[in-house]
Each structure stands twice: as C-alpha cells, then as structure tokens.
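Chain IDs A, B, C and D follow the sequence of writing; residue 1 opens each chain.
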Amino acid sequence: MPLTDDLNSLSAAYRRVRAFTEQLCEPLEIEDYMLQAAVEASPAKWHLAHVSWFFETFLLKPFLPGYAVFHPRFDYLFNSYYEQTEAGFWPRPERGLISRPTVSEVYAYRHQVDEAMLRLLADCPAEHAETLQARLAIGLNHEQQHQELLVTDIKYNLAHNPLRPAYRADLPTAPVRAPVPLTFTAFEGGVHSFGAQPEGQGDSNPSSPAPSFAYDNEFPRHQRLLEPFRLADRLVTNAEYLDFIEDGGYQHPGLWLSDGWAQIKTQGWQAPLYWEQLDAVWHETTLGGRRPLNPAEPVCHLSYFEAEAYARWAGRRLPTEFEWEHAAADRAVEGHFVDAARLHPTPAGKGALQQLFGDCWEWTASAYLPYPRYRAVEGALGEYNGKFMSGQMVLRGGSCATSRDHARATYRNFFYPHERWQFKGIRLAEDLA
Amino acid sequence: MPLTDDLNSLSAAYRRVRAFTEQLCEPLEIEDYMLQAAVEASPAKWHLAHVSWFFETFLLKPFLPGYAVFHPRFDYLFNSYYEQTEAGFWPRPERGLISRPTVSEVYAYRHQVDEAMLRLLADCPAEHAETLQARLAIGLNHEQQHQELLVTDIKYNLAHNPLRPAYRADLPTAPVRAPVPLTFTAFEGGVHSFGAQPEGQGDSNPSSPAPSFAYDNEFPRHQRLLEPFRLADRLVTNAEYLDFIEDGGYQHPGLWLSDGWAQIKTQGWQAPLYWEQLDAVWHETTLGGRRPLNPAEPVCHLSYFEAEAYARWAGRRLPTEFEWEHAAADRAVEGHFVDAARLHPTPAGKGALQQLFGDCWEWTASAYLPYPRYRAVEGALGEYNGKFMSGQMVLRGGSCATSRDHARATYRNFFYPHERWQFKGIRLAEDLA
Amino acid sequence: MPLTDDLNSLSAAYRRVRAFTEQLCEPLEIEDYMLQAAVEASPAKWHLAHVSWFFETFLLKPFLPGYAVFHPRFDYLFNSYYEQTEAGFWPRPERGLISRPTVSEVYAYRHQVDEAMLRLLADCPAEHAETLQARLAIGLNHEQQHQELLVTDIKYNLAHNPLRPAYRADLPTAPVRAPVPLTFTAFEGGVHSFGAQPEGQGDSNPSSPAPSFAYDNEFPRHQRLLEPFRLADRLVTNAEYLDFIEDGGYQHPGLWLSDGWAQIKTQGWQAPLYWEQLDAVWHETTLGGRRPLNPAEPVCHLSYFEAEAYARWAGRRLPTEFEWEHAAADRAVEGHFVDAARLHPTPAGKGALQQLFGDCWEWTASAYLPYPRYRAVEGALGEYNGKFMSGQMVLRGGSCATSRDHARATYRNFFYPHERWQFKGIRLAEDLA
Amino acid sequence: MPLTDDLNSLSAAYRRVRAFTEQLCEPLEIEDYMLQAAVEASPAKWHLAHVSWFFETFLLKPFLPGYAVFHPRFDYLFNSYYEQTEAGFWPRPERGLISRPTVSEVYAYRHQVDEAMLRLLADCPAEHAETLQARLAIGLNHEQQHQELLVTDIKYNLAHNPLRPAYRADLPTAPVRAPVPLTFTAFEGGVHSFGAQPEGQGDSNPSSPAPSFAYDNEFPRHQRLLEPFRLADRLVTNAEYLDFIEDGGYQHPGLWLSDGWAQIKTQGWQAPLYWEQLDAVWHETTLGGRRPLNPAEPVCHLSYFEAEAYARWAGRRLPTEFEWEHAAADRAVEGHFVDAARLHPTPAGKGALQQLFGDCWEWTASAYLPYPRYRAVEGALGEYNGKFMSGQMVLRGGSCATSRDHARATYRNFFYPHERWQFKGIRLAEDLA
C-alpha cells in the first residue's frame, strides 16, 4: 500500500533533499572528498555515505522485504555514533583514512538506497506506515543537518590548506558599507509557553519536507517565567568585534570564563576562526576564498567563550534560549539560508529583530538540557539528541548553511562551548529595569 | 577603631575557623602534607598556605598599615587562580613538587597572618569597616571550603597509596543493617522565589561565622516556575547502586550520556571511586581505612554521569537545583556534617526528606549558570565564582566534610560532571502527573 | 654545453627513474593518493611532488637560467625536512590534509620539472658540470628511495582500511612449501676494509643510474677488526617466527630489550605488522590483498626489538653491519627487487648466503653512527644523512621494494628500532669459537 | 660459616657504603624526601628503600634462613624495573605519591636489612659463598650508583622549586679565574684490548668495596682497531660553551642532529639545564644554591645533542668510548669525586689528560651496545644492564657525584641522548692526519 495521502509529496521531498546533498558536492575535486582536518570536520565522502546508511539501517533493512545491503561492512564504516546498533563504528578521527569505497562507489551506494527508498515509499506495508513516515521525517531532517555539516566541514577542511583554495570562487559578496546602528526591541516578562506543539496542533515550518516535524528535544511544550528583557535587532558585526580585539579583549582575563581563558592560552586564539592579518589588514577565509573583512557583516565562527566575553565587554549579555524563542515565536522564518547560495552571513538591514533566522546560529546563555518531562525516543534513534545533554550550549535560529525549510523557532541546536567551525554569531540582550 | 558591634564575635569566629583547619591536619604525617595524586587534589600544605595568602592579599596588604609580607614569593606560590593579581601563580599540577617552605614554615606563616589579622580586627580603620567585614566573611567561608577540600584531598591522596593507609583509624562506623524503604514527598508546582535574601532580610545560617553571608552566585533572589514533582526522602544507598552495577549498568550505553560513556571507555569505570572487590566482596576505602561496603550507607563519590545514568535506570530523574531548594527552603540545617567527626555518610533514618544537609552533596540536573541579573563582585574577588559558570553542574546540600555553619538552602556548589573525588551522592526525583 | 660523455645516458637514466615512479602509481585510485594513515607513511601525492621539488630546488633554480617555479608555495608544501632552506616546511603529520594541488596538478608539476631538467642536461653550463652531475646522482637515488617509500606507504595506508583493499590483485604468489633448512657460512676474523671506494676506484653497482654513486654516510673507506663469525644462509621464515610466537615470545620480558618491552605493553604487539588471525588461521595483508601465511616466506615487517628478541630466543644474535658487509662484499647484487614485480619477499632457495640483496632489509646489531673521519656534504644537502645519526639502527641489503640498481654492499639504510612498516627481516649470526 | 677471608672487609665495606647513603640524606628536610619533579628524578625516600629491597630480594630472602620481610608489599613498592620478579612494580612516575611508609619507617626498614645482612655475612652457608659474594658486590655497587642518583635527583628536585633552595649552603666554591688553555694529547692507532679483565687478572679499582668488580657490560675483554687521534687535556668550560651560545648555537639547525633540533623546538632549550639569566648575568643553580657562572668550571648538565653540536661548532668531535678507554687505561683513578664533598665540577689544572675521572661524566660518540660475545647474567639480575642496550649513548669517567672507589677506566655509564640531569660534560677529540 502506498502512503496514499502523502505519497507524491513524500517521494518528492525525498528526491529534493537527496539531490541537494549531491548538488552541494558538485564544486569538489575527488581529493577534497577525503579531507578531515579536525576530528569534528568529517570528509564529504563520509557524509554522503552516512546519510544513506541512515535510511538503509532505519528504513530499508526493517521495512523493505528482501532488501540486500550494498556492502556488509558499510554498517561499520558509516555508522556515526549509535552505540546500540550491532556493528560498532569505525573511529571518528580516522574517517579521512578510508580511500575505498571510492567517491564513485559511494555515489553508487546512494543510488541503490534511493532506488530502494522510492520503492518502499511507493509500496509501504500498511502496518508500518506510521513508523515509516516518522523515520522518513527524521531521515530527511538528518540529511539536512548533514548538508549544513558538509558546508561547514568543507569550509574548515579547505581553509586548513595554506593555499586557501575557494570552494566556489563565484560566490557573491556583500558591498562594503557601515553597519546599521544597533537598536533593541523590548519584551515584557511573564509566564509563556515554549517548545514544539504536539503534532497536528501547529506547523513548525510549513515548507519543511516534514511540515509538522520537530526533534524530540523540542518537546514537550511547557511553561517558563521570563523577566522583562530587551533583545538586539541585529547580530554583532565584524566592526564591533574588531573594537573588542583592539581594546585588548583577548588579553584581559577578567572578561573571560575560566575555561575560555584556558582555551586562549592553549590554543593561542587572538581572533575568530578564519581571521588572519595580511600586511596589517584583517582578512577572513570564506567559502569563496580569502577576502578583506567586511565591517558590516555579522562576526562569525566564534566559540561560546568569545561570544560571552564580547557581551561582557559590551556591557550586555547573551539571551537565554527562552528569551530568543519568545521573541522569534511569531516571526516568519525568513533570512539568508543555504538556499540563498551566498554561504556567508550578510549585513543586516534596518528594522526590528533582523537576522533571527539564517546568517549565523546564535549562541544563547542556556545549557543544553532536557525540557521538563522530556522522553527520548526508544531504541538506537533515541541516541539522536538526548545523550548529548551535558556540557553543550544551545544555539538558535539557523545559518547561511541551513536549509530554510529546516529552520523553526523551537529548533535547538547545540555545540560545545569551545567549538568554532560552525557559522555561529552573537545577538546581545539586556535586562529591563 | 574596632569593628565594635561584632568585634568579639568576629575575632572569635576567625580564631575558631582557623583553628579547625589545623585540627583537621593533626592526624597527618609530615610526608602526607606533600601529596598531590591528581591535579585537583592539592597538598594539605598548599591548602594551609593558600587560605592564609587569601587573608594576606585581600585584607592585610590593603588594610593593615605597615604589614610586611611573610615571604615575597608566597604571592606567586600560593595564589590559586586569580588572574587579575600581579604575581601570577605556580602551575596547579605542580603544587606537590614544592618541599620548601616546609610544613613548619607554613605554620609559621599562618601564625604571622593570624596575629596580624587579630590586630586588624581589633583596630579597624573606620572608613574600611564595611569592606573589611565583607572580605572577612568571604575569607572565613573560603577557608571553610578549603577545609572540605582538605578532607577530600587527603582522602584521595592517601587512597592512591596501594597500602590504603587510614587518615584516622579511630573513626566510628555505622552498624550494618538494611536501608529504610525508599519513599517520596510531593510538592505542588507554581511560581516561587529562589536565591539568597538581601542582607538583613533573612539569615542564611544563623550559626555561621558570618550569619547573613551568601556567595554572589546565590544572588539575586528571583522567581521561577516549578511543575509539580516528588523528591525522594533519602539518598540512594550502596545496596541500590550495587543492583545497578549487577544489572550491567556500566555495560549498557543506552543508559549513559555520551560524554559519560566516553569516560567509562577511557577511564575504565566499573564502580564508584574507592570501591574495589577483594575476594569477590566489595570494599570501600574511607578515611578510616578500607572496609566492606555497608549496604545502608548512601552511595558516594559518583560523577554526574553515574548519578544521571543510575536515575535513568531506576526510572526516575535527578531534581533541578530549584526543586531541591524549594524542598529545603524551610527545613532546619541539620545532618551529619564534618562537626560530627564521622567523615563518611551515614545511613538515613525514617521520615520525610532525610539527609538534605550533610552526608553527601547531591547532584542536580541543573547546569551551573548565573541567576538572572547576576553581577560578579568587582576586581580579583569577582573571579571567585562567576568565571566558573560553564561546563559544570550544581550540587546542593553539603556533605560529611562540610561545616554545619557553612551550609544553607541557597548554597550552590559546582563541579565538572566527570569529577568524583568529593562526597557526592544521588537523591531521586520524579514528575507528578 | 652538454654533459658530453654522459649526456645520453644521464638523460636516459633520468627518464627511466622518473617514469618508474609514475608507473608505481598506476594502480591507485585518486582517493588513494591522499592517504597518510601514520605520520611516517606519506601520501603518494606528496612523494610525487617532493621528489620533483628536489630537482627544482637543488638543480633547476640554481643552474637553469630563467627557470620559473611551478608554484611559489610548493617550496613550503613539498620540502620534507631541510631546515636550511628558506621556506620552512608544512608539518609532516598533515601531508594528507592537502587536497590541492590535485593529483593532476601534481603530475603537471612533474612534467614541467621533467621538461626543464632535460633541457638543463642537454645544455649544461660547463663550470657547473661537476656539481650538477653530483646533484643529479643524488636526485635520482633520492627518487629511488622514495619509490621504495611509495610502495611501503601505499601498503600501510591501504592495509589500514578494514576492507583490506589490494594495491594489485594480480601479484604472483609463491607456492606453499616447507622452508629449506637453516645453514650457516663461516668467516674468519681479521682486519678488513669497509665503506665505499673513492670515485673511480670501484663501482658500487654498475647498473645504477649513477654507477659509482654512494651516499656520504658510506664514506670514508676504513678498516675494522672482525672476530670470527658465522652468518645464516637465508632469512628467518614465517614458520620459524611462528614458533617464537607460540612459545610465548611476546609474553616473556626476559627476551626483550627494555624499550621493546615498553612497545609491547603500549602498542599491544603480539605478531609482526600485517599479521592477523581469522578463524584461528594466521593471515598476512600484502600488496596483493590478505593471504594465509606462507611458512617458507621470510618473516617481514618487524621492528628491531622483535628481530633482536627472536635472535635471543633462537640462541643466536644479529650480525653487525660490518659482518654483513664483509660477507656481501664480493657477492653479485642479485635477488628479488622491485623490478621482479612481486612486491613481497620470496622463499629462499638452497645454497650459501641466499637473499643477501632484495626480499627484506636486514636489521643489524649496529647503531647508525658516522664512520671515522666522516664529513657531511656542505649546505642543505648535508642534512640528507648525517643529521639522523642518533637513535637509529643500520639495515643492510635492500628489499622487494628496492630497485636493483639502487642496491650495493656498502649501502647503509637506517630506521628507528620501533619502526615496522618497511620490508624488514632477520638474518641470524653467531660467534665462532 | 663466615666468608672467612673477607669477612671483616666485606662487613666493613657493607657498613661503609650503607652509611654513606644515609650521610648524603642528612641535609634533607622530611618534605624533600618526597620530591619527584621528573619521572627520572626519584624521591630520596624511594632510593633509600629500593637499595634495601635489592639486598632483601637477592640476598636475604634466598640465603638467610628464616628471614621475614619487613613488609609484604615493599616487594611491589620498591622494585624498580625487574620484570622477572613476581610482584611487579609500582609505576615509576608515581614514586613521589607514596607518603607511607614514612621516612622514619624507611630508615627502620634499612636497619632491619642491615642487621640481617651483617648476620648473613657473619654466618654464610658455604655452598652459596661464591654466589653471595658476587651478589654482595653487585648490591654494593648498585647502592653506589643510587648514591649518585640521590645527589643528582635531589639537585633536580630542589632546583625545580622557584625559591631555588640549597641542598647544602656550606659547599665550597671554586675561585673565579680564567680557564687553562685547551691542549691535546696524541695517541697512535693500532689494535688494542678493551673491557674488564677476567677476575683475578687485574684490579678494576683497588679501593673499591669489591676490588675486582666490573659489571657484565664491561665484559668480555676484546680487541678493537683504533685510528690515530688526539684527546683534549681537559673538559670544555662554561666560558667556551657561552661562546657557542652567543654565536647562535641554539639557533642554527645545521649544527644539530635531527632529534636534537626537535628537542630544542619542543623543550625550548637555550642553555644547559640549571642555567638562567638574571639581570643579564648568567647564573647556575647548584647544590649550594644559585651562583653566577664560573667561566673556568666545566660546562655540565648537557644532553648528548648539545655535546655533539658543540663539538661540531668547535670543529672537533666527541671521542669514542674506546678512544677514551685507551687514553685512560693506565691513568690513576684520581679526580674530584663525591668524596671531595664539593658536589660540583671543579676547574681543571694544567697538564695532560686532566679530569679524566670525576667532575663530569663525558659523553662519547659510542652507542651503548654489547661487546662481542657479551652474555648477560642469568635471571632477574640479568636485567641490570643488558636490556638497556638500545637508544642510549655511553659516558665515561665518573663525576663529582660518583664515589672514587666506584670509578674505573672500563666503566660504561649510559643515558638517553636527551637526558641532562646527570653531571655530564664534554671532552673534545680530533682525528690525527
């Protein structure tokens, strides 16, 4: 039985998401697919295979009768971190040390999975329709997350090369001009609701491949008490962050969290990732190559420690994830996403609460912890989000490498406070008297 | 001018706190004072000197005219982590590599500081009385914190010795008997206030050397919304934790946070710190030496990861720091503290909410983050608490190594989730329908 | 002016050596060129570029008027370890993290260098003819060394892949049969001469691209006193080494040097590199893929520690490099070299002193130290051999990955005692009463 | 039966050597006994116990009927590296983390061992007399080696303290004056004999506690061919080494072995160990405290890499161990030893071949390898010397921390080329045309 109502749209969504992954890889040389210049920056080839393994493992093997896996060891090579599957997994730091399967074999793997997935969608066993649809939604959102990682990992891996090769030399650049002035929008306090609506009661993002989808970590919807606050109308710019640097921001321990100061001393941080001075002029390596810094662009590729220290220096603070969600809850999901094909954050326009979605993920002051009464999904898929709930901080909003239909106001992204290779920026907040 | 109202009581408090530090060291051999078996377990000699450096730096040098420091390099040797003082500090991992000053020279240092402090308290410059009194309160509370660290560090450092020497062979032990059954106390939800009262509006702990004292991280008092919950009436016991181990708790990745599972694999954890099997019988190394496990005693010396995994296995969860504070707010500060001279957690009696204070610090589900509108103290003393607000979890309640007059319901202790060498245990919570 | 006498032969030698490098790469996929699975196992792409950089740096830039380098940063990317050149060098552990230049750009680099080199050879400035000829000899021998490294690094890098892909599935294999019995040849003691003959006084290897060539570390010829000894007529076999393993060789510390025993404990060595048991049968991963162990083949891919421990267990010892050279001095340079295209050591035939050249490099008991009155070449080329004269051991004879015309009796190869990824085996020796 | 002939002298030697160990510890504070500021610089307390364990293990347990060990776990705590004894050993890097047994308990251990040893010597079982006498010789020489380590480890451990405490503030210092000029003594080449005489055929050092004693690594006596050479008449001085530093010695990679250059870059070496500049004046920390550099004193506390680089810079080379032994063979064993109680090398006087013994161990150009036909002692004692024969270099002559009766011309000391904490200096050599 086909998943009647949604069949066409599901298959179309599947084709669209899968095709976009491959489209992102088009500018790559075969050699680029192999790079892993840091443990967290996986090779493009691995991403291509891993997202296919996800469909093979959680949909094809359990639900498509007679499905024969592409290769018996891919279960081991392309599992990421699911401890509860049988095969175990190849060590993450060594993903770049596997030349075979070749890139072309990985594409053949993708194509076998695609063909089988479309067959499964076209003739789904009725008794599994609900599970299958839920897992398909996860699978497509999972692939969209890896599309963002593909972009950020390619950026990191190419930028590690001292020749600073461009991923796409044809990317558009923003005109150099002064940033719009920094203004704030005020919000009253009070008890408000947060988190995703139960299915059917609200759409997270109507253009999404799985419109009412939200991850388990966005549930359950619950109430919190907010105090009155103001939220900046745009992200902090390169020009403003440069003031912080020139004021000795990286030299004053009093501005920093203790763990952040330790990073400065051991890693030698003196500026955001990808910044370097050439002949006394600050440059930034982008996916379009190395460019002089544009003062109006949002500052990007910062750790939580840098975002938090900047806010302290500026006499402000970072917003909590709930302040951010409260401000964003009824705003349209608009901004510069990966669909805009700029692959770099764009200067803000005028107006209230610009750049909430897209451009840069925004560090919040909230630790990544479960919502009250949170329950992880059963089985290996329950490892997707829940097991990472320690030591990380929440980011909100999406970036220039996020798909527009992957973003929503309740979305909780999370990274360790020292990590800088994603497109991460700063939106300031402050208390209202 | 003396600090008239409080002079006698301040001097008495000073004498009492300082004397207790030295009393804790009485069972030590000279050689024991040198031990640092892990970076975080500082030598007793260093603790003795560091707390004196604190009074010298923040009270004697600024406020006692003509005070001459005991030694010009102690500023460097015995500063802990204050980045904003001039001298810098000796590397923390090498505190055990300094044989000179000798133990007896460190005691001479203490006595010079004590003599000068008592002179300062007896004749305080009027214009600095308020600052001085505030810093004295911090200094005494600081020394009480180091008294607890003295006990836990001595425990760690002696237990590292394969001979497992006892700190005090004469410590009393609890009778071996079955634990009291596990019951829960229910709490309604609603908006409640949390954090310390502004000075003069409430006593944190009336028997404290600085009765209305609270650290800056307990301020400001503010409101939160709680959902209905139940809190266990006692701590989890050794017997219960042993069930978890025997059920394969340390072998099932599905029970663990990802960072916790990584610890298990790299550190080889299979039981709490200080547990070992001898001839198939579980033993625990205590400050009184190695003993067979007492099933009714609270399980202790656990990481957050272990506490959290145990709670998941038990079908419960850890409480938030606010649930804990709400439950403890109007309870008397009673329990087995360091004053009881048992130096080990004691089996619970019957009744509601036993063991809230003393016995073991209780891991909460709350990350250590600033309260809304939190402001750190100005200057180097502002590094005391605020700069540690990332990556750590809050613990509440105090332990068998805490002074009774150092505990209070609003007190926020904090440690990294992997740390186990403090007296840390588990109190379960659960949601109310 | 052409280097008249030798012009044709020099150009021919140059073409021949350069072509063989590229021939060795023919079986590779583009992805394979990127692999660096250990610091010492450089990517094929890097080898291809580095040997070209050598000619560009030491011949084309100084001697070919108007020569324009292929790329201004290749000086930095493809220098290996010459500290006395200006550019510095890219960190060795990160050679696999450079996807650009691509493989095809590296081949373009090679071809530019080749075209320029042939022009230089065709029209050499007379005043530099001698220097140029000397450097050409070094350059060609250098490229031959890297051909061997190409083979051994490809082997290591492919074998790291859990799929164990073959470099060439069509390689011939030796028939499985019993080894020939182990016999010894006796030598009298006395004062003998060692090291390379001064140029013109003897040919090192008449078929070499630079027939009278020897490295500076083989000079000067000098005398040593040998005691009477016997040398094994063939290499130790897999069957014999398996006896050592099965007798608990890797479990008895008394058989091992202290540094070797530390390797066993930290690296977990239980067999030679590339050996693994599948269903209780020992297999070996070769360049032709994984195969069951052939008992008659020489044991290979051993550290010095393993060779030395085996000899002790066998009641024998390793020969010194001088005993080996004395035995080999008047033997023809014959054996299974890379030219035989087997790429694996071959079982010995009967007769005295089999396998002296080719098959496996033979660990000697001699530390790699300068000969009396040794002088390194002046300038950066002096770093070629001399600066490695500490901590390494000498190997003699050449392997199945060495070019026949690169081998000679005075050749001193050297590696650290823990290194195993070259084709290294064992020839036993013993004292004569 | 007493070991009649030698009874008095053996007991006297035993008492004398054992007493000297304790005498060396007299200036220590209890705290100093605990220090281990580097893995290789063991605590004084450990040395005191380990040398006693040696007698207990190799003499008392096998030969004294009814001997009861002092403590059952000392076998584990105070074994150094003997893999073939049953107990295993406590990790070497953690020798400073054992406060119990206390210093006074370790002295009690020593006294029990002494009392038992003297009983054993007074009534030795006849059938074991020979073994016992041999082991006693090893035990006493072993203790003398640890006396030297005691001195050098105390120096390292105290100097690590930023207060630079003196071990003995009363040590004499040499007058500051110009060094004597550097002259050389010439030696003819030829075949000569090296190594210790078989017992009874020659005295190694007639004042030794075991006069004809030599370690197994000095055997067998054998012949070598030397080429003509010249040997410097004194050690290189501080003044000469300072010229090397000021000429940029530590900045020119061309002067250094590759492994040495790596040390400079990773360890930041810019001068010998213990040198530091205060207000632009070079000082040296000695066992008598920190002093301005004396230009005439031998430069000391150098790695092999520094000694070798200095020799290259000076246009000379290091001697081989055989050149050194040939020069020293018929010289009296005279010099500044530990018995002189200066504990620092002393400026040379005039004359041929000054300072051959005492002052500083002299790095040779020889790797530490077995002599032809070398056989290690059977059993655990065979681990004493033989298992260290890889990766280390030979030093000759003895130092200001060596006992005069422990030195002899055939003595082979050995250390890794990067190690600097022993008293190690440079004697230059050169080839004779």
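The rule is simple: a residue touches a chain if its C-beta (ideal position, glycine included) is under 8 Å from a C-beta of that chain, and two chains touch if they have at least 3 such contacts.
A quick note: this is a predicted structure, and the numbers were derived from the prediction, not measured.
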Partner chains that subunit A and subunit C have in common: none
Matching chain pair for B-D (criterion: over half of the contact pairs shared, by residue number), options A-B, A-C or C-D: A-C
Chain whose Cα centroid lies at the greatest distance from that of subunit C: B
Gap in Å, rounded to a whole number, between the CA centres of subunit C and subunit B: 61
Interchain centroid distance [CA atoms averaged], subunit C/subunit D, Å: 38
Touching two or more other chains - residues of subunit D: none
All chain pairs that touch each other: A-B, A-C, B-D, C-D
Contact set on subunit B toward subunit D in their complex: 29-37, 45, 73, 76-77, 90, 94, 96-103, 157-158, 160-163, 165
In the complex, subunit C residues that touch subunit D: 81, 83-84, 191, 222-225, 227, 253-254, 256-261, 304-305, 308, 365-367, 369-370, 372-373, 382-383, 387-391, 393, 417, 431
